[in-house]
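Here subunit A shows up in two complexes: once beside subunit B, once beside subunit C.
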Partner chain A sequence: MIEEYQPPPLPPPFHHHHQHRTQSPATTTTTTTTTPPPPILLTQGAEAHLYKTHYLNATTHPAALKIRPSKPYRHPVLDRRLTRQRILQEARCLAKLVREGVAVPALYAVDWEGQTVVVDAATGEERYGGAWLLMEWVEGDVVRVVVQAWERAMLARFAADDRSPSSRRRQADGGSGSGPGSEVQMEVDGHGDHSDHGDNGHVERKREEERMKDLLRRIGAAVGRLHAAGVIHGDLTTSNLILRPASSKKEGEGEGEVDLEGEVVLIDFGLASQSVQDEDRAVDLYVLERAFGSTHPRTEAFFAEVLDGYRASYRGAASVLKRLEEVRLRGRKKSMLG
Partner chain B sequence: MIAVGIEGSANKVGVGIIFHPEDGSTPQVLANVRHTYVTPPGEGFLPKDTARHHRAWVVKLVKQALQDARVSVKDVDCICYTKGPGMGAPLQSCAIAARMLSLLWGKELVGVNHCVGHIEMGRAITGATNPVVLYVSGGNTQVIAYSSQRYRIFGETLDIAVGNCLDRFARTLHISNDPAPGYNIEQLAKKGKRLVDLPYTVKGMDISMSGVLAAIDALAVQYGLNGEWDEKDDSADSAQGEADDGKPTRADLCFSLQETVYSMLVEITERAMAHVGSKEVLIVGGVGCNERLQEMMGIMARDRGGTVHATDERYCIDNGIMIAQAGLMAYKTGFRTPLKDATCTQRFRTDEVLVKWRD
Partner chain C sequence: MSSSFVETIELAHLPPSMPVHVALYRDVKNAASLRQQLISGNADFEYAFIDANMVLSRAHALSAVFRAVNDSINGRLKSRNVHSEIVFSFSPANNIAESFRKFGIADSTKDLLVIKVSMTPDVTHDSVATHLSQHVEGSAVPFDDETLSNIADVTKIKKAYKLGALKTPPPTQANGTQSDGMRQLELSVLGAIALRGAT
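Let's look at the complex of A and B:
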């Protein structure tokens, strides 16, 4: 059973539908040609609805509209306080980050009160339209999608020799007779004198992994710039990072491989706050680490690259990473064994 | 198959007997008895006193349960007990009782995770198949969803549990612990009108409750509402003081505390629902009895086109039947707890259990 989801009515000046259809025939033609298309609902999160719309000009300035509808389950006083506090927090963080040159969507407009009364067309109920933010539209896929596509591509390309690296490692292990596995593998990679074992594929794989590691380092650097600007994201996941493709794509490249080039743009500052404390920064990284592990278990081993990118991005990163080690040990009712 | 369940991780000791028909039809509750250790107003329950209470009651309750269920010892297939998490001393007294019965009757033991017990009983009673679970009690606050044979914790409290926050505030106000402090706070909150500003701490899908408690305790002290008060003098609870200088009443504080912490709980539950794409919520645990929490959750779920499942105090509040239910499900997959491993532990996370009985 698929029920069509009916989003709540939009606060003015936004409309789900063309509003002037019932006007006299004389004006209809003019209004329908000038009325811009309605915003398109993209996602319904827990706190907000995200729409794609435009700013000033329908064709040249696509924009993201984030509406925080009032939450009828909450006490109205609390609801108003939270909605106002959060949307202002988000707007202030965005404005600050744009000023600091961090890659985030630019802020166009904001209504923090959200007390405009709108009528639900379906039920006739009156409710608050909700507070909203209008932001720059960022092109590109979220990193979650990019990483998943890359994981699939890797699986498809290297599924055949998926077992060979480990068997080769065992061979090499036996040969050298000492050293941890990773070292041995590096040795094998470095010499590359095992061409008869299908090392072509292995080199390819290595190159692909390097491309992913490079993306992860850029993610770390982006988070570092954010923290250096004095902002904590509060909800870092690979769904809240967009890979904005480089404007000019090199020809010939990208044949059958997932595009990992481009700028990492941070989005969704709904839980952001301003802080320069090591503790807050470390928790921010920990949230990303946990989210990455649960969303991309196959690529989790490369997460250290994110931290490497972070380390190099600003002074003070090192002490945050030290703090991160402490944060990792926390958590309620964790087993205290080992 | 028939299982006996023994629960005693906090201040309730409970024994339940469940029957799973061979044909796979709905499980039947044959017995579900419980006794609660109630402390005087202003006091919490200490582990050693609670353990003493459990030791004094557990045999009586087992006998009572067998009588209620009208089953004899030879009908019983296994003995399930709470392995953890919970308070050490009360857990130990129930683990000892379980081991004793196992040796006495020659039945196998099944150690059960308390949280998983709550979830499985909630699912069995409400028929919710794959809900996002909000588990709220005196010792635990977790948002859980099932994924590949584990109940995974998506969000949880970073410090104290919501029930602990309510219980401790009840102690500050010297509210009765009978039948439960949370229940009495709820009744008092119904008379409250004014919302006082309290910290609201949600971090992603996690929450923090200790700051809320510290703030409301401080308000109680500031307005002289803490400590003992005269039962008959309800001026402190009624709204007549509204005119004078906006001083909140005890009822206002209970009301504000409930509104604030339950909003936090509903918010993280909604975030988990959005995250996993689920439309069902199941509320379990002692705080799950709270009607205001159920109402708020209902409004949230309705706005998302979903539904809420909740149970009443027989199954919400710690009980033996949930341990029997979860234990028997594990038993049927071949799970056993050998006598030498039939210990208990205060730390036992929900996601440590391999949920073999689900796909």
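Let's look at the complex of A and C:
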């Protein structure tokens, strides 16, 4: 028998949602209609659980709830101190970045004490609840998903141009043989031998690539604004960037096109710190560069656009990019020890 | 009974048994006597009396309430009760007396936000409405963002939260109800309320 997964009990004040549910065992799916929905578990990492919920009321402020549960294997005093330090570090960075006008989820509420004991509904065990942080919910897809969707769309639209009519037919039949020949040619300037309708395709592909390059420059600019505000993200990947769609979408645009418009919002400041050192900034960029290369190998050749966007975003970017060249040669860690 | 000027709100995540009753007044004539009741510790006047000039929006006020009630639930009140704690929770700083000077009722207060939390079941929408209608001399107005935006003294609020240097981003498009600058100010204030006392 497969037991239904039970997420860990929520710390106060969120725990009473749990009590509501357990109080009415007769109806398993529906709770009282007046009771607002409990937080929904989205992801569970080693350090934190992320829930989707809301702040103040169910409609005006959709929110993400991040809980850092206690670690039973750690000494309680050390555990509480570390948890408190980390949740506060994240909360302070978010609050500071909002004041500086950098696009990040706003801090709504935080409880760094987490000293309250909660009772595990399943075992009846008492444990320390853990610290939590409520922040603004950011609409949109993470950039990883957006770039992957764009890469797929590029394959579907343009791969056929590079192949013989027979293979084009195979593509149309649904066969998605993605050998090296069907890869989107990112180094596009190398081949200009498009015949008949290929000319048109070339222009369109150029246009699509420009749209992606523009997104990448906006990503660089977002990281630049973050650094200019004195914050290092610590874990820059395309999964920690959300493309928040513009509030009003343009009509008629995007027939089969992946939407690349919108604001780049930086998320997950769980490893962030405050620094204005070239070294720390360069390592931040290096981490993004490496992550980008391994997540989006087909678009990697465009990464220079991120750095261009970064360069133009604040004074001091140039020396960071210079430092980045050194970091590339030696890797992320400055010291060979540890 | 015309008690609709008091709005009763169940704040998300707080126990449903602890609703919050809120009333907003303009042209208040008896602020000095209300303040006197507060100072003398008259239990009947255990309210959070807020100078509404210091309130940006509903979210601003309700954030202070959320913080105070959550601290109360967790047994961490820094002041006498949850209502004094609400006044204190408006403040970005740790000095309780100063928070009352900046955000609390003064003798000269004309625009007044009154907040009462049902800490016990006998405090209800009707009991609060009845008591307030007997003792607050002023005209009740809706507790909404539009009304608050006409009352708020943005310069004073920025100063209280040390956000005078707030970079106001260039206005992009005026499509929403809130300008980008106001939104940034409000979110910065919420962050300050959340982080008060963090060391």
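Convention: the second predicted complex is superposed on the first by the 270 of 338 C-alpha atoms of A that agree within 3 Å, B and C clash if a C-alpha of one lies under 4 Å from a C-alpha of the other, contacts with A are read in each partner's own complex, and residues count from 1 in each chain.
Keep in mind that, in the parts below, contacts are C-beta pairs under 8 Å (C-beta built on N, C-alpha and C of every residue); 3 or more make two chains touch, one makes a residue touch a chain.
The structure displayed is predicted, hence computed values, not measured ones.
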Request  = Could you say whether A:V77 touches subunit B, subunit C, both of them, or neither, answering first, second, both or neither?
outcome  = first
Request  = Go through the superposed model and pick first if A:F303 touches only subunit B, second if only subunit C, both, or neither.
outcome  = neither
Task = Figure out whether A:Q44 sits in contact with subunit B (first) or subunit C (second), or with both, or with neither.
result = first
Message = Is A:F14 touching anything from subunit B or subunit C once the two structures are fitted on A? First, second, both or neither.
response = second
Message = I'd like to know which partner A:W137 touches here: subunit B for first, subunit C for second, both or neither.
response = neither
Task = Please name the chain, subunit B or subunit C, that touches the greater number of residues in subunit A.
result = C
Message = With the touch criterion stated at the top, can you tell me which subunit A residues are shared between the subunit B interface and the subunit C interface?
response = none
Task = Would you tell me which residues of subunit A are touching subunit C in their complex?
result = 12-14, 16-17, 34-36, 53-58, 60-61, 88, 91-92, 94-95, 98-101, 106-113, 115-116, 136, 247-248
Message = List the residues on subunit B that touch subunit A in their complex, please.
response = 85, 156-158, 195, 197, 200, 202-204, 259-260, 263, 266-267, 270-271, 273-275, 295-297, 299-300, 303-305, 346-349, 352
Message = Show me the residue ranges of subunit A that touch subunit B in the complex, using the header's touch definition.
response = 3, 5, 44-47, 71-75, 77-78, 81-82, 234-235, 271, 283, 287, 332-336
Ask   = Taking the complex as given, what residues does subunit C use to touch subunit A?
value = 9, 11-16, 58-59, 62-63, 66-67, 69-70, 73-74, 76, 163, 166-167, 169, 175-176, 184, 187-188, 190-192, 194-195, 198
